[in-house]
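After this come two complexes, each holding chain A, first together with chain B and then together with chain C.
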Partner chain A sequence: MYEGPVQDLIDELGRLPGVGPKSAQRIAFHLLGAEPADVTRLQEALQKVKEGVVFCDVCGNVSEESTCRICRDARRDPSAVCVVEEPKDVLAIERTREFKGRYHVLGGALDPLSGIGPEQLRIRQLLSRIGSQEITEVILAMDPNTEGEATATYLVRMLRDFPGLTVTRLASGLPMGGDLEFADELTLGRALSGRRTV
Partner chain B sequence: MHVRHLQVADFRSWEQADLELEPGPSVLVGRNGQGKTNLVEAIGYVATLGSHRVASDAPLVRLGASRAIIRTAVVNDGRELTVELEITPGKANRARVNRGPVPRPRDVLGILRTVLFAPEDLALVRGDPGERRRFLDDLLVLRAPRYAGVRSDYDRVLRQRNALLKSAAANRRARRSDPDALVTLDVWSGHLAAHGAALLSARLDLVADLGPRVAAAYAGVAPESRPAQIGYRSKIEDALPAGYGKPDGERADPEVVAEILLAEMVRRRDNELERGVSLVGPHRDELDLVLGEAPAKGYASHGESWSFALALRLASYELLRADGSEPVLVLDDVFAELDRRRRQRLAEVAVAAEQVLVTAAVAEDVPGELTGARYTVADGVVERD
Partner chain C sequence: MSLYRDTGVVLRVQKLGEADRIITLITRNHGKVRAVAKGVRRTTSRLGARVEPFAHVDVQFYTGRTLDVITQVQTIDAFGAGIVGDYQRYTSACAVLETADRMSAEEGEPVLRLYLLVGGALRALADGTRDPSLVLDAFLLRALAFAGWSPALSECARCGDPGPHRAFSIQAGGSVCPRCKPPGSASPTHEVLTLMAALADGTWAVAERATDAARREASGLVAALLQWHLERQLRSLPLVERRRP
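And now, the complex of A and B:
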């Protein structure tokens, strides 16, 4: 145990995801030795993220204004919407530069163990968006785990009553640069059942 | 296959232990409490990622240490693989194969296969249905490691669905309306049926394959007793095709089973919403052990129960052999519990195994056939005689 403020900082840092006690200690001592200007910058960044960042009214992504950059961008295809669990998933898909449509961030996945049902997710907003806008395709991009799969199944049920709406799910299968022989059976099985004609 | 080398650090009572092993019988002799069982338990852990003695990992780490390490070198068809496991209670365990890290510890399953017979096995016959379900599922994973994934997916979906049922049941009692719950319940039911059907079908096929071998093994160890049979008892057995789970019947089709499971969940929905738990699925099923006409549990004598437990293990061993890879046989402290005839019978099977590891408090308990390499375990040291 260190004295007062240092230990407080270590405890606070240690509560962050992915930061264990050792890392927390390292970061704390780094900050202790850092230039005052650097620390002030960090302090401001932390302040701003809580005060300045809001969630986009349309898609639920993190944003500086009431509507996010992607939703404001007129060059984006308004007819395709990619539904993801978290803001960080938007970033992951943006990095591909393959998708030209817009997003909808649910804010999580169905997870009854943590008390998360459809009401806790931005599903109602998604349905009203599809009802009011020119949306013809919804791409479901949930995580390929138990909770993500259940969320996708739930959305498929809710979306099938919209006439003329195409609902697709991200293909799941083999990672690029991987070896077929090292793929686990579940992944390989999915890749096989989701194969396409060429 | 056989284990060529075993090394443990901070595992159970051992600060360090290191032993070279050979094919054929090896006997570990030592007074009680010297740590013989801990060594074979480590080998079992590499094969199943679980202990045959405790359900949680915490007791596996030596008191005062933060993590335990098990290293084994396993030879299979002349090819040697090293498996290293780091057990840290409360955290994810880590695994390395041939010194390279693997993404999940689960990926080491299948490298080493063991069939372990221990005094705890009496619970297979006398214990709760959960013991027998675990017996089946552990054996499934040994046969095909991918079932470790099926099993954990099923458990996860089951816990999610139970959480949902529990909150729905509470809302119902409080007469709060909860329209979403029923739609989400359908979603979770669909997933539970799909994962459950994969597990249930595999169990049915396993029981079909294991049945005749159990009957034969039991007749071998207890020829004067009534004939032994096993059968799979499911909540949905009335709806299942009659041949499922029978030695001469057809293989179970997961799609057929999934449909039946789903229909049964719909039928029992009110009941489930009332009680707040999932009432249908492989987690409610049971492996029936029958002696003559009566269930073994409650009706079998002490000796018969032992024979049945032994028969289940011997049948598992025969089944894995028939699948093509010879498992390592581990006999932990069992000879003292068996009479002469059953000792003899067990020794006959064991002596034919590629490798058999035996622990005993006194060397005289071990039948003469199994005199191979002998190790003395005493005062925190294991030494070859």
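And now, the complex of A and C:
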């Protein structure tokens, strides 16, 4: 244990995802020795992300305005919606250049072990979006792991009763247990073009 | 570097760093084990799919300084395949995992009986031949018994007076006679207590004859007993889908 502010910083850093106690200590001492200007820049970036970034009213993606760039873009196909867990998955799919429709970001996967059920995700918003707009195809692009699969299962059941709606899943080729963000563009692109009706 | 090998069920996976995971397993011989699986979040990992929740696996570990490391995994039963395709089974199976995790608080303490119960419950949920809700409640009652918290279902939990009794008290530990009955006791029907007894000892023919109302009431009592003993709320239990909508 260190004294006061240093230990506070180590504790705060240690709460970040992927940062263990040793890394937290390393980052804290790095910051302690860094140039004041560098620390100020980091401070400002942190501040801005909380104040300047909002979530898109339509799709839930991170955005600078109340409606995100993709939802505003008239060239995007409004009839196809790709449902993903996190904003970083939108980026991953955009990089493939395979998909011309729009997105819906759930904000996670159904994970009862972490207390996350349908009410904790943007599922109700997805259903009302489909009910009120000209959407004819929904592509489910969850992480190829247990929580992702279960989330897709649940959504398939909820979407079954919309008349004229095609629901597709990313084709296999993505091994189970991984994160979508680690798939290479080729694999992910192929998985998208080979998607199937469920 | 010392190696050991065991069979276990994956209870929980947590992200670690860029691409690793910490895997919590309930094992046959080594109790609860937390170990690192390296690189499994990359979609090219061969290990990844094998150490997902619900997987029953044969694992080789080496003893690390803080956490053990998983070096090899072979699948014994891929229970997940039969579970994630049905939301009711999935939420029930999650409650099985969380209960097992909470009841095996001490790492390394042997929990063979609990390990066998978890395997049995996941097998039944994956097979899908029984009502997932009954499978879950049977597991929870047997897990309570494993922990020494079996509810009294016939005799009085306080004085031992042979029943059956009308009143049921979570705090007292089950059925209570009119003299011992604390205020605020529930009064489940005889059918509910019969169902709970059948689930606890695996008399499925009796359990499956129970009405929906009795099943619902039994689920409520079992959940209340579990919460009472575990003190801290289970996250997954309120999210269990009890009946197919």
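FYI, the second predicted complex is superposed on the first by the 173 of 198 C-alpha atoms of A that agree within 3 Å, B and C clash if a C-alpha of one lies under 4 Å from a C-alpha of the other, contacts with A are read in each partner's own complex, and residues count from 1 in each chain.
FYI, contacts are C-beta pairs under 8 Å (C-beta built on N, C-alpha and C of every residue); 3 or more make two chains touch, one makes a residue touch a chain.
None of the values given here were measured: they were computed from a predicted structure.
Asker: In the overlaid three-chain picture, which partner chain does A:P17 touch, first (chain B) or second (chain C), both, or neither?
Answerer: Only chain C is touched by A:P17; chain B is not.
Asker: Touching A:G115, do we find chain B (first), chain C (second), both, or neither?
Answerer: In the superposition, A:G115 contacts both chain B and chain C.
Asker: Tell me which touches more residues of chain A here: chain C or chain B.
Answerer: C
Asker: After the superposition on A, what does A:R157 contact: first (chain B), second (chain C), both or neither?
Answerer: A:R157 contacts both chain B and chain C.
Asker: Can A:P144 be said to touch chain B (first), chain C (second), both, or neither?
Answerer: second
Asker: Can A:D179 be said to touch chain B (first), chain C (second), both, or neither?
Answerer: second
Asker: Of the residues on chain A, which ones does chain B touch that chain C also touches?
Answerer: 110-113, 115, 117, 146, 149-150, 153-154, 157, 184
Asker: Which residues of chain A touch chain B once you look at their complex with the stated criterion?
Answerer: Checking each residue of chain A against chain B gives 110-113, 115, 117-119, 146-147, 149-150, 153-154, 157-158, 184-186.
Asker: Going by the contact rule set out above, which residues of chain C touch chain A in the complex?
Answerer: 12, 15-19, 40-54, 80, 84-87, 90-91, 94-95, 97-98, 235-236, 238-240
Asker: List the residues on chain A that touch chain C in their complex, please.
Answerer: Spelled out, the residues of chain A in touch with chain C are 17-18, 20, 23, 110-117, 144-146, 149-150, 153-154, 157, 174-180, 182-184, 187.
Asker: Once bound in the complex, which stretches of chain B touch chain A?
Answerer: So the residues of chain B in touch with chain A come to 107, 146, 149, 153, 156-157, 159-161, 163-164, 167, 180-181, 183-184, 186-188, 190-191.
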